[in-house]
Amino acid sequence: MSAITSPLKAEDKKVVTAALQGALVDLLDLALLGKQAHWNVIGHNFRSLHLQLDEIVAAARGHADTVAEREVALGGNPDGRASTLANTSEVPQLETGYLNDGKVIAAMTDILGSIVRRMRERVAATEKPDPVTQDILIEITQDLEKYHWMIEAQR
Amino acid sequence: MSAITSPLKAEDKKVVTAALQGALVDLLDLALLGKQAHWNVIGHNFRSLHLQLDEIVAAARGHADTVAEREVALGGNPDGRASTLANTSEVPQLETGYLNDGKVIAAMTDILGSIVRRMRERVAATEKPDPVTQDILIEITQDLEKYHWMIEAQR
Amino acid sequence: MSAITSPLKAEDKKVVTAALQGALVDLLDLALLGKQAHWNVIGHNFRSLHLQLDEIVAAARGHADTVAEREVALGGNPDGRASTLANTSEVPQLETGYLNDGKVIAAMTDILGSIVRRMRERVAATEKPDPVTQDILIEITQDLEKYHWMIEAQR
Amino acid sequence: MSAITSPLKAEDKKVVTAALQGALVDLLDLALLGKQAHWNVIGHNFRSLHLQLDEIVAAARGHADTVAEREVALGGNPDGRASTLANTSEVPQLETGYLNDGKVIAAMTDILGSIVRRMRERVAATEKPDPVTQDILIEITQDLEKYHWMIEAQR
Amino acid sequence: MSAITSPLKAEDKKVVTAALQGALVDLLDLALLGKQAHWNVIGHNFRSLHLQLDEIVAAARGHADTVAEREVALGGNPDGRASTLANTSEVPQLETGYLNDGKVIAAMTDILGSIVRRMRERVAATEKPDPVTQDILIEITQDLEKYHWMIEAQR
Amino acid sequence: MSAITSPLKAEDKKVVTAALQGALVDLLDLALLGKQAHWNVIGHNFRSLHLQLDEIVAAARGHADTVAEREVALGGNPDGRASTLANTSEVPQLETGYLNDGKVIAAMTDILGSIVRRMRERVAATEKPDPVTQDILIEITQDLEKYHWMIEAQR
Amino acid sequence: MSAITSPLKAEDKKVVTAALQGALVDLLDLALLGKQAHWNVIGHNFRSLHLQLDEIVAAARGHADTVAEREVALGGNPDGRASTLANTSEVPQLETGYLNDGKVIAAMTDILGSIVRRMRERVAATEKPDPVTQDILIEITQDLEKYHWMIEAQR
Amino acid sequence: MSAITSPLKAEDKKVVTAALQGALVDLLDLALLGKQAHWNVIGHNFRSLHLQLDEIVAAARGHADTVAEREVALGGNPDGRASTLANTSEVPQLETGYLNDGKVIAAMTDILGSIVRRMRERVAATEKPDPVTQDILIEITQDLEKYHWMIEAQR
Amino acid sequence: MSAITSPLKAEDKKVVTAALQGALVDLLDLALLGKQAHWNVIGHNFRSLHLQLDEIVAAARGHADTVAEREVALGGNPDGRASTLANTSEVPQLETGYLNDGKVIAAMTDILGSIVRRMRERVAATEKPDPVTQDILIEITQDLEKYHWMIEAQR
Amino acid sequence: MSAITSPLKAEDKKVVTAALQGALVDLLDLALLGKQAHWNVIGHNFRSLHLQLDEIVAAARGHADTVAEREVALGGNPDGRASTLANTSEVPQLETGYLNDGKVIAAMTDILGSIVRRMRERVAATEKPDPVTQDILIEITQDLEKYHWMIEAQR
Amino acid sequence: MSAITSPLKAEDKKVVTAALQGALVDLLDLALLGKQAHWNVIGHNFRSLHLQLDEIVAAARGHADTVAEREVALGGNPDGRASTLANTSEVPQLETGYLNDGKVIAAMTDILGSIVRRMRERVAATEKPDPVTQDILIEITQDLEKYHWMIEAQR
Amino acid sequence: MSAITSPLKAEDKKVVTAALQGALVDLLDLALLGKQAHWNVIGHNFRSLHLQLDEIVAAARGHADTVAEREVALGGNPDGRASTLANTSEVPQLETGYLNDGKVIAAMTDILGSIVRRMRERVAATEKPDPVTQDILIEITQDLEKYHWMIEAQR
C-alpha cells in the first residue's frame, strides 16, 4: 500500500527516507533523554540546567515532527514507537537515578555531539537525491550545534 | 544517594512512586503512539484525526511532566527512557506503515481505555498514602476519559 | 443505543450521571437567570452588578459545559433543552420587568445558596462511585461559594 | 415602572421590542440546542460538528446579548428565562439521547432555516419604526445565513 | 480648492457633509464633557462612573474620527477646532468644579439624550442622498443609545 | 444541482448574486493590481505606497471573501478564477514594469473610483431584493471610499 | 466645597494647579488641532503626516489626562470644556479647509514650539512648591520636544 | 456581626476557618521571607535564586489570596496584618543583612519543609468537615512540595 | 529603465527572474483556485476542506509575495495581473459551480503535484546562477509538498 | 561584610538607605492592609472597593520591590520581615473582622495620607545626597497621591 | 546648517549635548562589550550570564537611542560610529577569546561602575542648564546601578 | 585554550570562522551606521527613513547575533568590539552632522551593496567546508538584498 505519491524517484526516496528515519530516532531519543535529565538533575546548577534541558526537549520534539512529516510527504512511513527507539537508537544512554549537574553537562555534550555527527552524514547523503530534504536537515544541524555549544560551554 | 527529602513515610513513598512511575510510562507511550498515528493516518478523516491526535499528544506530554516532577518531589526517580518504555509499557501497540482512519479510531479507543483502567487503579492505590498525589491522578484520569469519549464517538 | 463505553459499573454510572444531570440543569438555569438580571437591573449599583452578573454567567456556562461533557464521557446523555430546564429546575426564579439592584442582590444570594446546597449533596453522593466526577463537582462548588460571598457581601 | 426613556414613540416601541423579544427567544434557544447537539453528537464527523456547533453557540449567545441590550435600551424588558423559552419558542426541537452526525446536520439546517425566516420578517417589520434596530437584525441574519450554508453544505 | 473627488452629487454632498459636521461637533463635545466629568466626579459611585465615563469618551473619540474621515472622503472639510465646538455645539454644558455622582448621572443622561435626538434626524436626512453615510450614523446612534441606557439605569 | 437552499425568491436571487459576482471580480482584481503596484512601485514615496497598497490588498481580499461567501450562502456559485477575472473585469489595468509613485497614485485613484461607482450601483440594485446583502455592500463601499480619499490626497 | 484634601499648602496649591490647568488647555488644544490636521492634510506626504499626527494626538490625550488627574489629586478642579479651551488657549490656530503638507509641518512646528515654551516655564514654576508635579511636567516636555524635532526635521 | 452565611455547620466552620487562617499566615510569611531573600542574596547563584524566589513569592501570594477568600466565603474573617504574622507565624525566620546563596538554599528548604508539614495536617483536618476546602489545600501543598524539591535539589 | 541594481550578472538574472516569474504565476493561481474551492465545496468533509483550503491560500499568498519581492530585488519586474495569470498559468483549472469534496481532493492533489514538479525544476535551474534564490524556492517546495501530502492523504 | 560597592559616599548612603527602608516598611504594610480590607470589606460598594484595593496592593508591591532593590543597589540591606513591619511601621492599622465600605474608605484615606506625608519628607531628604533615589520616591509619591484622591473621592 | 531649533540657549545647549554625546558613547560601547561577553563567556555560570548580558545589552541599546534622540531634539548631532566609539570611549575594554565566567563578572562590574561614575557627573552637569535632560540621565543611572548590583552580587 | 569542540576539521574551521567574523563586522557596522542615519536624517522623507532605518538596524543586530553565535558554536571567538570594527570594517562610512534624506538613500544603497558583495563571496567560500554555515549566510544575504532594493527604490 502506498497512499502518498512521492515526488522522488524510487532509489532517491529510499536514501532520503532512510536518512529521515535515522534523524527521527535521534531526535525522539534526545527528547526522552533530555526529559530524563530535566527530572533527575541535582546540584548547584539544577535550575539553569532544568530550564535549558526543556528548551532542548522542545526543539527536539519540534524537529522530530518536521522530519517525520517530511518522511510521510515523500511517501515513507516514519516509525517513532518506543521499541523502535530502544532497538535502533545510537544515542549514548543515561543511567537511572539522580544525575549530578556536572554529569548532565558531560552526558548531554556527548549525546548532542553524537547526533550532530550523524546529522552531518545525512546532510551529505541527501544533497543529490533531494536538496529540499537536505535543507531541513541543515537547519536542524545548525540548531543542535548551537545547543551543543551552550551545554559544553558550562563545563 | 537520596537528594530530595520525601514528605512521605518510606512505605507510603514506595506505593506512591510506583503508581507515578506506572503513570509516567503510560503517558509517555501514549505520546509516542499518538504521534505515530498523527504521521501515518490516511483516509477521509485524515485532517480531523491528525489535529485531534496532536491535542492528545500535547496533553499526554504535559501530564507526563507533571507526574514525573511529582515523583521526584517525593524523593523518587522517574524513568522515561526508551528502553524502559519498551520493556515495561502495557499500552497496546500500533503496527508500522499507513493506518486507515477507522483503524486509528479503534486503536486509540483501546489505548486510552487501557490507560484509563490503570489510572483508576492508581487513584484507588494512592488515596490513603498520599491524597496530594491522588488529586493529580484524578485530574489526569478526567482528561483521558474526555479524550476516550471524543475518539470513541467517531466510530 | 450506548455509543460510549462507560468506565463505571452500571449502578455507579446511574448515580453519577444523575448527579451530573442535576448540576447541568442548575448551572444552565443560573446562566439564563444571570443574564435576565444582567439586562433588567436598575439602580445606583447598576454598572457593578451588570458586570458581576456577566462573570457569573461566564462561569456558569463554562461549568455547565464541563459537567455535560463529563456526563457523556461516562456514557450518559446530558439534556439541556429549554423544556427540560423549565420542567426540572429547582432554582428560585426571577420576575419579569425591571429588577432593582437590592432585589437582584437578594435574589442572586438565594439562587446561589440554593444551588450550592444541591452541589454539596452531589459531592457527597459521588464520592464513592466516582471520585473523578466528585473532583469536578468540588471545584464548581468552590467557585459558586465564592460568587455567593461576593453577592451577599453587597447587602 | 418605566426606568429607561425610549427614543421611540410608543407605537414604534411596541413593534420593535416585540421583534427584539422574538429574536431573543430564537437566539437563546439556538444556543441551548446547539449545546445539546455539541454534547450528544456521534459519528464519523463528530469532531468537526462538535467544534462547529460551539462556534454557532458562541455567535448565538453574542447576538442574544446584543438583542436583549437593544430591547432594554429602547425601554423594553427582555425575557430570557427557561419557562419563557419553553413556552414561546418556535424553533424545531431535538430529541434526547445520542444524535447521529447526519441527523444533526439535518436538524440544524431546519433550526437555522426556521430562525432565518423569522429574522427576515423582523427586518421588514422594523425598517420604518426603527432603522437602528433593523441594522442589528440585518447583521444577525447575515451571520445566521452563513451558518445555515456551512451546515447545509455538509449534507 | 477641492482636492478630493466626491462620489456624491453636489446637492447630496452638501446635505451629507452638513450632517457629518454636526455629528462631529456633538461627538467631540461629548468626549470633552465626558472627560470633564471623569475628572471632577465625587461621591459613593466615583469609581464606577470614573471608569464608565472613560468608555464613553473612548467611544466618542472613535466615532468622531470615523465621522470626520467620512466627511473628508466625500470631499468635505471637517472642522473640530475648540472655537468651532464652543460656537456651534448644542450639547448641554457642565459647570466647573466638583460634580456629585447623582448630578453626573442626570447631566450625562441629558447630554446623551440630546445627541441621540440629533443623530436620529441625521439618520433620516442622509437616507436618500447617501445610504453609505447613513449606515455609519446608524451604528453610532446604536452605540450612543446603549450608553444612554447604561447611564440612565443608575438613577 | 443546487445544494444550498436560498432564503431569497428566484428572481431576487438572480439580481443579488449577479451584484455579488460583479463585486467579487472587482475586489479580486483590486487585490491583484494592488500587489502589482506594491512590487513595482519606485520613487521618493516608495515605502509609504508599498505599505499603503498592502493595506488595500488586505482589505480587498477580506471583502472578496465576505462577498463570495455571501453569494454561496444565497445559493449562488462565486467564480474567482483568473480567466474569469481577465474576461469580465472592468477595472482599469496597470502596465508591466516599474511604476513611478506619481503614476501609482493616479492609477489607484482611477481604479478605486471605478470600483466605487459600480459598488454604488450594486447598493441601489440590492436594496429591495435583499437588504442583508445591501448592508454588506454598503460597508465595503464605505471602506473603498476611505482608501480612495487616502490615495487621492497624495496627488 | 473642597472634597479632596491637598498634600500642598494653600499658596503652593494655587501655583501648581494654575500650572497644571495651563498645561491641560495646551494639551487638549494640541489634540484637537492635531486631529484637525490629521483629517484635512493633503499632499505627497499625506500618509506619513496623517499617521504621525495621530501619534501626537494620542500622546497629547494621554498627557492631558495625567495632568488633569494630577490637578484633582492636589485638590484642584481641571477645566477642559470647549469654551474654556476657546477662551484661554494660547496655541496658534489652524485655518479651516485643506491643509497642504508643507503648511502642516510649519504650523505644527509652531504649535509644538509654543507649547514647549510654556511647559518649560511651568517646570520652573513648580520646582519649589511641588517637585512631584514638576516631574510630570518634565516628562511631558521631553515628549513634546521629541515630537517638535520629528516634525521640524521634515521641513 | 456575621455578614456572610456559611455553607458549613458551626463546628465544621470553626475547624475549617482555623486551618485556613493558619495557611494564610504561613503563605503570607513565605511571601515576605521570599522577598527578603530575593533582595539580600549574594553569591555565584545570585541570579538564578533571585528569579526563582520571585516565582515562589508569586505563588505564595496567589495561594494566600485563594485561602483568605475561601475563609471569608465560609463566613470567617481572614487576618493577614503584620502584627498577626509576627505573633502567630511558625515559619523559621531569616536574619538581616546579606544572605549567601548556600544559606538561602538551606533556609528556604527549611521554610518550605516546615510549611508543607503544617499544610498536610490541614489537609487531614479538613477532609471530613469540608472536602471543598481540602481540595484547595491539596493543590497548594502540591505546589509547595514542587518548590521544596526545586530548592533542595540545588544543595 | 532599470531602477534596481541587480547583484547578479545579466545572464544569471535572466534565468533566475524567469524562474521566479514562473513561480509567481503558479502561486497566485494556486491562491485563486484554492479560494474557488474554499467557496464552492460541498459534501460531508465540507468544513475540514473549507478550513484546510484557507491555510493553503494563506501559504500561497505569502510565498507569492516572497517570490515577487525577490524578483524585484534582483532587478526584475514581477507580473501578477489577471490576464498574465490567465494566459501563462500551467496549473490545471477547476470548473464553475459546486465541487464535491472528493472532487476537490482529487483536483487539489493534481494542482499541487503539478506546481511541485515545476518548482523542483526551478530549484535545479537556479542552483548555479543564484543559490540565494534557490534557497527560497526550496523552502516553498517543502511547504507545497507538505500540503500535497495532507490533501492526498484524504483520498 | 559589604558585598555591593555603593556609588554614594558613606554619609549620603546612610541618609538615603534610611529613607528607602522607611519607604519599604510603609509600602509593604500598605500591601498587607490593602489585602486585609480587600478580604473583609462588606457593603453596597463591596465589589468596587474589592477591585480598587487590589490595584493599590499591586502598586504597593511593585513600588516596594523597586525601593528594596534600590536600597541593595546602594549597598544597603532592605528588611521586609513581618516582625520588622510590626515593630517599625507608622501606618494606622485596621481592626479584625468585617469592615463596612464607609469605614474602609475612611481608613484607607488615612493610611494613604499618612504614607504620603512621610514620602514627601523622604523626597526632601534625598534631594541632595542622591537625586537618583529622589526620582524614584517622587514617582511613588505621585502614584500614592493619585490613589489617595481616588479613595477620598468616594466619601 | 542647523535644521532643528533648540529649546535651549547656546551655552546650555553646548553643555547638555556634550553630556548626551558622552552618555551615548558609554552606552553604545556597553552594548558592544555586553555582546562580546555574551558570545565568548564560558564556565559553570555560562547560561545565567549569557542571558543576563543580553538584558544589559537590550537596556543599553534602548538608553542609547533615548540619549541620541534627545541630543538631536536639542539641535545637536549624535555620533555613534565605530571610529568615534573606538577613539573616545573611556569604558574599560575586554580581551579577545574565551572569557571565564568569573572574569566576566569582574569586568562587567568595572565597566558598569565606570559608566555610572560618568553618568553621575552628567546628572550634576545638566541640572541647571536642562532639567528635562537631567531627568533622562537620572533614569538611566538608576537602571545601570541596578545592573551593577546584579552583576557584582555574583562575585 | 579551546573550550568548544568544533564539528569541523581544522582547515575548514579556519575558512568558515573567517567568513563569519567578516560577516559579523559588516553587520555590526551596518547597525551602528543605520542608527547614525536614523538620528541625523532630515528632509521631507525624514519619518519614512527614520522608521525604515530602524528596521534595518533590528535586522542587522539579529543577524549579527546569529553569525557570532555560529562562530562560537564552531569553536571560534567572535570579536565585535568598537576598535575591531573601526580597524577592520570595509563598510563605506557616513559623515557627522545632519544627513539630507537623498544623501541617506544614496549612502545606504552603497553600504548595503558593499555588504551584499562580501556576503556573496562568503556564501561561495563556505559551500564546501560547511553547508550549515552557508545556509545562514544565504538567508542573511537574501534579507540584505531585500533592504537594498527597498532603499534604492526611493531614489
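The letters A, B, C, D, E, F, G, H, I, J, K and L name the chains in turn, as written, and every chain counts its residues from 1.
Methods note: a contact is a pair of C-beta atoms (placed from the backbone, for glycine too) under 8 Å apart; a residue touches a chain by one contact, two chains touch by 3 or more.
Quantities reported herein were computed from a predicted structural model and do not represent experimental measurements.
Comparing B-H with the candidates F-L, C-H or H-J, the pair whose contacts agree for more than half of the residue-numbered pairs is C-H. The interface with the greater number of C-beta contacts, when D-F is set against H-J, is H-J.
As a whole-number value, the distance joining the C-alpha centres of chain D and chain G reads 49 Å.
The distance from the centre of chain C to the centre of chain J, each centre being the mean of the chain's C-alpha atoms, comes to 42 Å.
Computed from the mean C-alpha positions, the centre of chain D lies at a distance of 31 Å from the centre of chain E. Multi-chain contact residues, meaning those touching two or more other chains, occur in chain E at positions 3-4, 42, 44, 48, 69, 72, 135, 153, 155. By the definition given earlier, chain contacts exist for A-B, A-H, A-I, A-K, A-L, B-C, B-D, B-H, B-I, C-D, C-E, C-H, C-J, D-E, D-F, D-I, E-F, E-G, E-J, F-G, F-I, F-L, G-J, G-K, G-L, H-J, H-K, I-L, J-K, K-L.
Residue ranges of chain B in contact with chain A, taken from their complex: 1, 3-4, 28-29, 32-33, 35-36, 39-40, 42, 61, 64-65, 68-69, 71-72, 77-83, 85-87, 89, 93-94, 96-98. Taken in their complex, chain K has these residues touching chain A: 41-44, 46-48, 50. On the side of chain A, the complex with chain I involves touching residues 3-5, 7, 69-70, 72-74, 131-132, 135-136.
Chain C makes touch with chain J in their complex at residues 44-45, 48, 52, 150, 153-155.
Considering their complex, residues 109, 113, 116-117, 120, 123, 127, 134-135, 138-139, 141-142, 145-146, 148-149, 152-153, 155 of chain D touch chain F.
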